[in-house]
Structure formats: structure tokens, C-alpha cells
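Order of writing sets the labels: A, B, C and D. Residues in every chain begin at 1.
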Amino acid sequence: MNRRTVMAGAVAAGAAGVMARAAEPETPGIAFAFEAYVTIGAAETPGPTPFGGRNRIPITGGHFEGPAIKGKVLPGGADWQLVRSDGAVTLEADYMIQADDGTLIHVHNHAVVSGKPGTPDYYLRCAPVFEAPIGKHDWLNKALFVGTVTVEPKGDAVRVRVYKVT
Amino acid sequence: MNRRTVMAGAVAAGAAGVMARAAEPETPGIAFAFEAYVTIGAAETPGPTPFGGRNRIPITGGHFEGPAIKGKVLPGGADWQLVRSDGAVTLEADYMIQADDGTLIHVHNHAVVSGKPGTPDYYLRCAPVFEAPIGKHDWLNKALFVGTVTVEPKGDAVRVRVYKVT
Amino acid sequence: MNRRTVMAGAVAAGAAGVMARAAEPETPGIAFAFEAYVTIGAAETPGPTPFGGRNRIPITGGHFEGPAIKGKVLPGGADWQLVRSDGAVTLEADYMIQADDGTLIHVHNHAVVSGKPGTPDYYLRCAPVFEAPIGKHDWLNKALFVGTVTVEPKGDAVRVRVYKVT
Amino acid sequence: MNRRTVMAGAVAAGAAGVMARAAEPETPGIAFAFEAYVTIGAAETPGPTPFGGRNRIPITGGHFEGPAIKGKVLPGGADWQLVRSDGAVTLEADYMIQADDGTLIHVHNHAVVSGKPGTPDYYLRCAPVFEAPIGKHDWLNKALFVGTVTVEPKGDAVRVRVYKVT
């Protein structure tokens, strides 16, 4: 048994049942999961730190709805923003949502904003990671998601559209 | 000036130039960025820890190519896998790639694997985050990416197709 | 110039000015930095997820004081707890504090709890990481810290004593 | 039952068995756990990114020994360094060690370096987090650790002294 065989075996053992050896993966697509309306509070702005500019935007409530799940956004979360030296901004939002059957689901939403609003270069996409308890909503744990974020006209809420990466 | 106005102003200040107040975001799409062929070593398998099952797959080399960038995968990275209590697996791969102009780019690739290989439920998608130096390849810092991962037949490499979330 | 010299040079360049080549490091010690009284809300308990048991404890306010800094704890933070399969608990608290000169400081406090309360095996220590803006309080960015956490008798607050690792 | 009682109950339930309501915590101390000699390769230096200056130092091997555990450092890890705008450096080293009974243990070592080498302001302390499989060495999962790091004279290795926070 040569080294390659051992390695392949070790990978098969190590990653057992994990990764298929498919000939060709399909091109990914996206499928709408839900839309969230998230109310936000006044920014807390520490100013420049050794890592960049910082803003913290409180997440104060809201609601969400899609074909397979709907519910409310719980107050007490926050979006911790880093204004980088290239002018782009990395967002890390951390909050809880609650489905209408009472299930509590943790959301960690990483986003990147770049380019100038109103120009073709403007870019804002997010990649929320969910942690739901085992049960009805645990499909949220078993896939990746991406989404869009827009600020509502009054600046007191954002609208997040979440899509499953298929 | 009422509270809502203050809040909107604070958000505008706090998130200044960050998020557009667009009427309607376009539905996200994906655009092919590059494909990587990543060679892997024998799994290191600590066994069950208080967080779940663990495997570490060494990343030993490879190459990548797309319309706007190509180069090689550097040895010395690793994929730190968590086999969760629901049987799904969370992957966190951390490694460096080098474009053919010499630019070093850090890759952190988060992936989720769920379902049984060979069944319609099987799912494996990744969301690589890149950190490139300021310059020609820094478009990798300014967008989100998703991708597919397949293991090569001999089990000694994986193929990763990376798409920009547009 | 042999390989070792090249490596040493590269390290010197790469980690330039970073790490001293001291003959012998001193044994670390700890020095009291401040004590915080942090009020907490009712736990949100999603229940078992694929990662373990989860609790989220809202952080609702409080105050802190030490020889070089004092101020208040801002509402809107949370402690995201993971009850692990070994019965120990990992805490990740994320919140803001504000010094009495108005400076906003981000706190990420990682803690481990193990053993049974009331027994000699009981263990609870934390390692808060601070991010302060450049200025008077930025010594918090330039060192590591550890601490103790105790729950107040009524269960509505915790007391955190923070020490600089010297 | 008033709100405070409910909150206390919820905390007791949510953080059940987690945090003792001790009258007074003892002041933390440190206890020597082990010393590691970690060999390092030539730095990979991407240069300035939107997050700061970056270096990646390969971890290529080594050994460690203490009163309760000894073994070797596995090749294939790395130390991902961020040179911050304040001149301090944040290190995130990720690697595996193996005890002499074969047990594989994951190490994530966060460190801060500040001040100028050779001056009284110089500071370098680390806070390694271990993930060991359930068993003989799992005391590493149940406590926090801090340590010192020094570069060996030839620049081809670092010496890390690890202490349990008691």
C-alpha cells in the first residue's frame, strides 16, 4: 500500500461521509428564504481604533417572513462595523430571531460594503450564518445563505433579504 | 428634532457612506471567479472533543485559475473540521494562495456539508473570505464569494469552484 | 548564506520589531485593572443545537471602576453561552463600556466554566479582549487580561474583576 | 413573583450549574503548565491589506514538556500576524500538538506584542486556547491559560511558556 493509498484512505476515514467524490458539481444557485425588517438604534461610534474605524449599531427589533419560516427579531443585538483603510466596511451583526412557534435562532451576519452608494461600483452583500435548535427549523444549520441589505428611507431600519445557496 | 430624526442622523453619521438607501435591491446572482485544485494530506483525527468530532486535513499545495487571477496554492494550510451532533460537518479551511505576479492572498474558507453523499439531500457549499494586499487583486476584499467543493477520485485533492456573489 | 540564515532573516523581516530575542522571559503576573458590575436580563434559551446547549444572557447595564479608568456598562450586549458535551460552559460576552470621559470601548469576554459550584473543582475564569479608540485608554489594546466572574446573590448581575497579565 | 425574581430564576435556569454565587472570588494566580519549543519557517508577507500589515509564519515542528504532559509540535500550522496602525501586533497561531500517548490537541494561540523590544514598555503575552479530545488531557479544555513567547537567538524557533490561570 503506497503513500497515496494511505493518504486517500486517511482522508476517507477522516472526512468519512463528509464529502462526495462527484464527477462534476452543479453550479450554485440561490433560492429565496425570507425577508427581515430589522429596526436599528442610534450608532455608538468609538472612533478610530488600531483595527480601523468602528461603529456599533444596536438592533432593537423587527420581524421576518418567508415561505418556510416567519417570526420576529429580538431586541438586544448589534452590528459591529469596521471601516477599513480601503474605505470598504465589514459588518458583523449578532442577534436573535424567534420563529412564530417560539423557536429561538441565533444569527451571525457577516457583510461587506464597498463602492460609493449611487454608483455602479456600490456593493453590499451579506452571508448570514444561523444556529437553530435541533427540530423544525434546523435546515438553517445545514446550508449557507447570502443576502442583500438596504436601509429604509428614514434610516431607522434595514431590510435584509436572505437566500439559500443551492 | 425628534428622536427618530436623531436616530436617522446618527445612523447616517455612524454608517456614513456605508449603506445606500436604495428602493429595491436586485436579487443576488453569482459570477464565476476561479477554480482551485487543492492537494491535501492525511487527516489528523483528534477524536471527540467537548465541541464535537474533529478532523484536521493538511493543505499541501495546488493551483488555481480564473478569468482575472491565477496562481498556486501554498503548502502549510489546514482544514479544521467539526463533525456536529446532527451529522453535518462545518469546515474552516485556512491557507495562503499566491497569484502568478507574486501577490500573497489569505483564504479563510467556511463550508457546510450535510446529507448523505449520493443522495438528493447531499449538500456542500463554501463561502471563502479573501484578504489580499491593497493593489491589483484587492477586488477579492470587496465582495462576498461562495463555491462548491468536490473531492478528486483518489482522495488526495479537492476542487473548489469560487463564485462572486453579485 | 544558508537556509537557516535566510529563515532567520525572513523572520526578522516578517516579524520586524515584533518579538524580542530575550534570553529569558519573566514569569507572568497579574495586576488589578478594574471591577465591573454588569446587570443581566432573563436568559434566552434556544435549547440544544448541533454545537451544544445554548443560552443568551442579555447585558443590560452596569458600571466599572479601577485605578486608571471608570465608567458605565452600556445596555445592548449579550453573553452567548455554549454548554458543551463535557458539562463545561464556554461564554462569549460581547458588549460596550463607556469611560467617564465619554470614550466607548468594545469588550469581547471569553470565559470557561467547569466543575460544580461549591466544590473545589469549580472553575470560572475569563479573558476579556478590549478594543479602545486610539488615545488615553488605548493601553487596553496593548496587553492581555484575565479575570474572575461571580453572580450576585439575586442573580440579576455579575461582578467581573479584570487583571492585566503582566 | 416580581420581575427580579423571574429574572433571577431565568438566569439560574439559563446558566444552570454554570456560575456559582460565591461571596468573594479569590484573586487569580498562574501555575506553570508546560514549555514548548516551536520551530518556524520563513515568513510569508502579503504586505498591507485593508486590515493592516500581515505576516504569516509557518509552524514547522518542535516539542513541549510540563509536569502533566509532554510531546511534539506537528508541522503544518501557522501564525497569522496583524501589524496594527498603533504599531502593536496581534498574533493568531493555529497548530496541532501531540502528547506522547498519541493524543492530538488543537492550539489556538492569541497574543499581543506592543512596545519596543529592549525597552521597559516591551510587552508580549499570549493566551492559548486548547481543544483536546475527551480523556486524560481534557483538563486543557477546562481552564484558561496565558503565557510568554520569546524568539530563539537564531530566529528559527520560539519558546512558549504556558501557565494555567488559577
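We take it that a residue touches a chain if its C-beta (ideal position, glycine included) is under 8 Å from a C-beta of that chain, and two chains touch if they have at least 3 such contacts.
Please read these numbers as outputs of a predicted model, since none were measured by experiment.
Counting C-beta pairs in contact across B-C and across B-D gives the higher total for B-D. Centroid distances from chain B, each centroid being the mean of CA atoms, peak for C.
Chain centres here are Cα means. That of chain C falls 13 Å from that of chain D.
For this pair, chain B with chain C, the centres built from the Cα atoms lie 28 Å apart.
Each chain gets a centre from the mean of its Cα atoms; for chain B and chain D, those two points are 25 Å apart. Chain C has residues 41, 44-45, 48, 50-51, 84-86, 88, 134, 138, 141 in contact with two or more other chains.
The part of chain A that touches chain D in the complex is made up of residues 48, 50-52, 84-86, 88. Residues of chain D touching chain B in their complex: 41, 44-51, 54, 56, 58, 74, 76-78, 80, 94, 96, 103-106, 131-134, 138, 141. Touching chain D in their complex are the following residues of chain C: 4, 6-15, 17-30, 40-45, 55, 57, 81, 83-89, 110-118, 122-127, 129, 134, 138, 141-144, 146-156, 158-159, 161, 163, 165.
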